[in-house]
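Both of the next two complexes hold subunit A, though its partner changes from subunit B to subunit C.
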Partner chain A sequence: MNKIKSRMISVVVVLLLTAYCLLPTVSHAADVTDIMKKSQLAFLYPGKDMKARVYMRLINKDGKERIKEMTMLRKNYQEGGDQKYFIYFYQPADVRDMTFMVYKYAVKDDDRWIFMPALNMVRRIAANDKRSSFVGSDFTYEDVSGRDIKDDNHSITKEEKLGDKDAYIIKGEPKDEKGADFSYKLSWIDKGNFLPLKEEYYDKRGELYKVFTADEVKDVQGFPVITKRTMKDVKSEHRTEVQYQKTEFNIGLDDDVFTERYLKKPLKKWIE
Partner chain B sequence: MKKQLSVKNIKLITGLFLLFTVYYSLFTVSYAFDLHGFLQGNYSYRTSNTNCSGAVPCDKYWLLIEERAQLSPSYEDPSGFFAAKAKLDFFHDAVVESKWDAALREAYFTLSGGFADAKIGRQIVTWGLGDLVFINDVFPKDWTAFIIGRPIEYLKKGVDGAKLGIYSSTLNGELVIIPVFEADTLPDSKRLIFYPFPAPAVNKDVKPNTDLSNPEIAIKLYRPIMEWDTSIYFYNGFYRSPAARMDSASSVTYYYPSLKVYGASTQGAALDGILSLEAGYYDSQDKNGNDPEIENSQIRYLIAYQKAFAGDFTAGIQYYAEKMMDYGNYTRTLGPKLPRKDEARELYSIRLTRLLHYQTIKLSLFTFYSPTDKDYFINPEIKYNISDNLWTIIGANIFDGERANTFLGQFRHDDNIYWNIRYEF
Partner chain C sequence: MKRFSLVEFSVDHPWLIISIIAIITLGFAVQFPKITIDTDPKNMLPATSDVRVYNDSVEKDFALHKDTIVLGIVNKNGIFNQTTPGKIVRITDEILKLKGVAVKDVTSFSTVDNVVANAEGISVQPLMADVPKTEQEMAVFKKSIYDNPLIVDRLISKDATTTAIYIPLEPGANGKEIADKLKEIISVPHPSLPNKGEGTEGGGYREEKGDEEYYVAGDPVARDTFGAEMFKQMGLFSPIAGMVMMIVLYLLFGNFGLISSVMAVAMISVVWSMGLLIGLGYPVHIMSSMIPVFLMAIATDSIHIFNEFYFRFRELKDKKPAVLDTMKVVGQPVKYTALATAAGFGVLAIMHIIPVKVFGIFIAFGTIVIRLMSFSLIPAVMMLVNENKILTASSGEDEAENRTARVLRSFGAIGTHQSRTTVIAGIIVLILAVVGISKINLNNNMVNWFKKGSDVREADRIINEKLGGTALGYVVAVSEEDDFIKKPDTLRYIESIQRDMEKLPNVGKTFSVVDYVKRISRVFNNNDPAFDKVPDTKEAIAQYLFMFSMSAKPSDMDNVVDYPFRKANIWVQLKTWDANAMQGVIDRVKAFTASHQLPGAEFKPAGTAYFNFVWNNEVLYDMLKGFILALIIVFIILVFNFRSFKWAIIAYMPLLFTIATIYGVVGFIGKDFDMPISVLSCLSLGMAVDFAIHFISRFRRRMEENQKQEVRSKKQEENLASGHLPLDSSLLTDSLLWTAARPGKGIIRNAVLFAAAFSAMIFAPLTPYVTVGLFIASMMFLSALMSIIYLPALIVMFRRWLL
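Here is the complex of A and B:
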């Protein structure tokens, strides 16, 4: 009888110990996912909708520049999920008046359309290549419209100050090795507003190859916005600097802005 | 006479309207006025060795030596209700020893508001999903431009007419009314060698009698169905390539038989890429196919698939087929000396596109191959954006086929390399 009792006690103790050991990890994982979700919302989902004039400078290592200038419209359909994007190009000259539309889905490949003004033609374009460059810049489509949080395993490596801001450093490793160009990335997430302050991308050999930095953060209608950001290719020393000018939130974008009609002829009030 | 007047009137009204717009916008609200355009050099050299003694094009090896400038003024009022735009080209082509000439590629104004809009004037309309094959794109094309290596936008010609659009969340519609018939620009026998060769000495070109009360009509209704962009089309007008009536051994009359087209298309995400389906029924006025001059009715359809790969690489494949109706009547009534078409023509195409060096270099390869006509077309091209305003293209058009009278094979003596450089502002 005593034997059974002591065995039961030891089982309970072992179970409790196991639970004790497991608990912090579980809550830690919940924390980190929570941080990533908050970060994604702060970075990609502020407001019901958004309009920004985006000015991109693509700069090579010799300092030679190319410019892309566009107006970007975005509307949220689901918190942290489906969104629609509309982009109108001002520069360079060979893409002027071109428009580009993305229906971003949380659970499947995006739908993308492009309008070519010279042919007055709207076409769907394949969207299964989220890792390809966005308009020739150092940013990929994934960098612009976000990577699914569930695609990576996240862990907090440490907490440190970046400049004068307290930040979590979060390591993200793709669950499917083939699903990303990086083997892991480190993200410095601002503890205050959850915006990414810096991200380092490491390739399959563990070498740093790409760095994102938030160079200027401003308050726009109560939302913290990264108004200047840079993505730098460490090896080629090519970089893309992006300025968000004239950012506005909650401007009341109708659903029909994101249709073929306005892809062909966007209203000036939306794109200026 | 009545027709000429109405056409003239339309042109006059459009012209005055544009002048007024330009004047009004320049001097009153200059902020809403834009002026863009380009300067371009476009050169094309025929590389085929042709042994066609005596024929006109043989002693000229340049297909195109052209300088071109385009001015494109546009205006939009602050409310967005009224807008106007024109594209006016000035050009000079040393091959045909032309003087400087001008062409109005587009000139239109738009009225938009609420659920409807209208676009009136000369405009380019592009419908359908085909890549260089056209089923429901019943609007005029310039095949010479395409074959001799002009930029692809010059394949499309404007129509003088009105487009009315109605939009809602359940259904969208476009109605295009074209009172002024515009034929395709067929391969130019002054520049190119092709079948039939040589052309008859005397020919007349009789355009259809369209006017404001008897226009061509094209309708497209579209909406997404389960996230597939789906359209149905209807066209009531004319073949844009002429039928030929031999008046005598040396004289021919070209005319444009009437045509109705009923079609549908859909495009959506499938198999990790984009799948496109399109079909159309070409309803000829030659109901039983007994008239050898006029094309028989046809069914045309295409299936296309496009997929993107890592490294800015995109691949597309396309299958296109057309099948002649009443083939028995066609073969029975066809003149003994004329080449006989097959009942079905099939065409495969592949398009590969790769962007390099921060998308400043674009490599592309387009090929057609027809197993029924046994002919092919290959178009490799490199585009380089030298700067934000300056780009250049070098490419080649290569045609070949077993027979001299097939769609692609007829151009087998017209292989060319082309160079294009454009400064845009």
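Here is the complex of A and C:
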């Protein structure tokens, strides 16, 4: 009995998969935006909140490295919108205990706070620098916390297999030329889980200058997570590799984790 | 007596010789399409040379760009106005679209971030997020700029009239091409204006109806413009020099067949040596691009053959014996002058600077080709020329009647009859020359290779006047300990070295990681000036730097500290490209580190300014070494040529005299002894000795002939030379005057031809060409006069010792 049942299930699965593959491919503008939205949610908003130990390796052309190690806490306040981030630094050793907090808003510039243990001082940073580097890495703030989908015009240029995964190649062009360093970018979005597998950034001359790759994707509590990613500066051959370890979702982060008080004295249970 | 059968063979089979030479020439000529060009003076030193390897490693450690162009924007009424900032934005945006520009690191008002303290904390903003519109916005903008010491003198001049855009280039980009594109961007008119404006005031470019002037400067611009110009000049002046030579030759000899053979010899030597150079796969470098002009100059030595041939032909009226006789008497000096010239350049082959080596070897090769032609092609052509035509042309060639000859004879007479006065006068000039030489200043400045008032030079001058300086050097602090640079003591030490270097008049601005730390410290502490200093703990420094890395481009940090924080890079902006300026910095740092210790660290220079300083010195000293070696070798050649030590010394005198005088003048007028002048020293040597060889060889042969006639003796010439015969002063005087008049005419003809061809270069837009033109022209005249006046004086004075 069991045998027959399982065989039937597999037949159904195969049929469904076949049907899925035969579905007409998505190509309307609305669908593109939809894909981008799904991608952003899958990439930056999984779970209600998240905690991860992040290892960041800045590697120069010579292969010399700078390591940054941190715990990153994130809480969502609005689907695809406001979020709060809290980062505690372990490495480099001389910046241990430094903390950094970001309130990300969908509609206005971020608010940021930084705590410097050497001076025992918290400073608020007003920043209008989404294109600046995130802690000296090849990622910009925008790469880390996401770019507003409405800022770009999107179109599907192609669908192709990247490795063993089917992907949409989506071209994003900034509506305001001055609003970005790139003239366009190409994103390979996994058709299955909508994570970006690869992104290529082209400068104003149309030359490739930056490449993002998702090097390892793992399932964590049912969420697909890019556990290894690389951003490579094509021109300088500098790259930043980021590894997410001990990733947990829905851990029940309180709102008061994201306050100035906790910047100075973060609770051990959250940062370890 | 003559073992050389080539001449006879050529005389007997002129067409065969011409055909063989033509075929070989064709063989070399087909190599030309393979030409590769290298205009980068950096390649003077091989990529494996210590300084380049070291500079490369510094560039890697600090993610530095090799080359940066500076676009200076000047508005005499101040740049904080309604239009200039907008133009800066537009120009920057256009620059970001240029191929070959390292766009991520372009620095201008509209690309850099500014970290400032505000009421709530800290603000990280683009320096100029939007073009300020209201007066109030402008005031805020202006204040934010002048509050940041990292920006003052770099992006804004103290008097607010000048800003700059720093444009780093990607590896392999051509500075001139990008500079040309910049000029296009700058001269695009305002959309409402119909035509393109390109002002020339001060060498800058002026946008129509704008008050702004634009200046493009920086090492890559000077270097690549020079490289490009050099090839253009070579392409222009080689043919002009050739044309002038043709005309002068026609005026001198009046026969096209003979003239074209001299020109053909020049061309053949150029084709053979350049063909060989290209065929062997060497790129044509700045130095080797000068080979054609030099070879053309050397080829004029064939004049001595024609000069004598005309005299002989008039005497003998029969072509074949005239040719053979000519070659017999002129052959020896021509062979040795060629040898001397080849030696002068050949010594460069043992130098370690490759383009210098290549230059020397191929000129030496070309010189030998020229001599080969003298003994083959020239006799062959002489055989083919119509006898009557030569007869008409050579009708004036009689040393007794000819005016030139008479003048020369009287010149010779000065030396002969007033030998003591002449020698004393010469010694006085020589002493003065030595004084002049002692004043020579070794220096090199590529920007000064452009004429005053030229775009490149003006741009450099103006930007250097207003901002920190266009010439960039580095001083690198090196330790073996991780995080050494983050120590407060290290930073304070670096800071005091910076302050010390800034005392040098040529140092415009310095900056280092210290300036970043101080800046963040101050901003973090509510802009309190008391915190404008290095903090007291390593942790505070590390955290400020971390903060800095969150508000800047990654390259900003990488440019000043290496990855493990073992090394720090101090940027030193110099206001001049004088190699001496970097020397000053190096000396200053040495003195500072000697009197103030920082255990565990050393300070080493690097960067383009340092590289220029090193390669200039290396080329200069290499040339100088080659020059001294050539002096020795030429002397040995003279000894062999005359088979007499004494005569070699006498023949050496005009050479020493000429060179001393010229360099004495260089010293007196305060012209820097730079690369082009040092290159000339080798040429001058090979050429200046030529006339003396001709003069003395011919004089001694004449003496021998005269003595034979008088004494009717059958003694061998060796005995003659060693002074076994009675000395007859009228015989001596006669022979000297004859030499001054007849071979002297060849000497003067050679000098005139040479000087005429090179004088065209005086009009060149690049100063090294002007230098080469003036230098060669004056050298030829000086050594010609020396040979004709001074040699007779010396010979008369030392006759008992010599004869």
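As a convention for this text, the second predicted complex is superposed on the first by the 245 of 272 C-alpha atoms of A that agree within 3 Å, B and C clash if a C-alpha of one lies under 4 Å from a C-alpha of the other, contacts with A are read in each partner's own complex, and residues count from 1 in each chain.
Following the convention adopted for this analysis, a contact is a pair of C-beta atoms (placed from the backbone, for glycine too) under 8 Å apart; a residue touches a chain by one contact, two chains touch by 3 or more.
Given the structure is predicted, the values throughout are model-derived calculations rather than measurements.
Asks: Under the stated touch criterion, which partner chain does A:125 make contact with: subunit B (first), subunit C (second), both, or neither?
Replies: After superposition on chain A, A:125 lies in contact with both partners, subunit B and subunit C.
Asks: Based on the superposed arrangement, let me know which partner A:235 touches: subunit B (first), subunit C (second), both, or neither?
Replies: It touches subunit C, and subunit B stays clear.
Asks: For A:191, is the partner it touches subunit B (first), subunit C (second), both, or none of the two (neither)?
Replies: In the superposition, A:191 touches no partner, neither subunit B nor subunit C.
Asks: Once chain A of both complexes is superposed, is A:91 in touch with subunit B (first), subunit C (second), both, or neither?
Replies: first
Asks: Would you check which partner chain A:246 touches, where first means subunit B only, second means subunit C only, and both and neither mean what they say?
Replies: Neither partner.
Asks: Now for A:158: first (subunit B), second (subunit C), both, or neither, which partner does it touch?
Replies: In the superposed model, A:158 contacts neither subunit B nor subunit C.
Asks: Just checking: does A:218 make contact with subunit B only, subunit C only, both, or neither of them? Give me first, second, both or neither.
Replies: A:218 contacts neither subunit B nor subunit C.
Asks: With both complexes superposed on chain A, which partner does A:150 reach: first (subunit B), second (subunit C), both or neither?
Replies: The answer is neither, since A:150 touches no partner chain.
Asks: In the superposed arrangement, does A:135 touch subunit B (first), subunit C (second), both or neither?
Replies: Both partners, subunit B and subunit C.
Asks: What is the shared patch of subunit A, the residues that subunit B and subunit C both contact?
Replies: Common to the two interfaces on subunit A: residues 58, 66, 92, 94, 118-119, 121, 123-129, 132-133, 135-137, 238.
Asks: Within their complex, state which residues of subunit C touch subunit A.
Replies: Touch residues, subunit C against subunit A: 60, 63, 93, 96-99, 102-104, 113, 118, 120-126, 129, 170, 483, 486, 524, 535, 537-540, 542-544, 546-547, 549-555, 557-558, 562-564.
Asks: For subunit B, which residues are in contact with subunit A within the complex?
Replies: The contact residues of subunit B facing subunit A are 32, 36, 38, 76, 78, 80, 83, 110, 112, 117, 123-126, 129, 151-153, 156, 165, 167, 169, 172, 222, 227, 229, 267-269, 272-274, 276, 306-312, 314, 355, 358-360, 385, 387-389, 391, 422, 424-425.
Asks: Any idea which subunit A residues touch subunit C in the complex?
Replies: 58, 60-62, 64-66, 89, 92, 94-95, 98, 100, 113-114, 116-119, 121, 123-129, 132-138, 178, 181, 203-205, 207, 209, 233, 235-236, 238
Asks: Using the touch definition from the top, list the residues of subunit A that touch subunit B in their complex.
Replies: Against subunit B, subunit A makes touches at 58, 66-67, 91-94, 96, 108-109, 111, 118-121, 123-129, 131-133, 135-137, 238, 255-256, 259-261, 265, 267-269.
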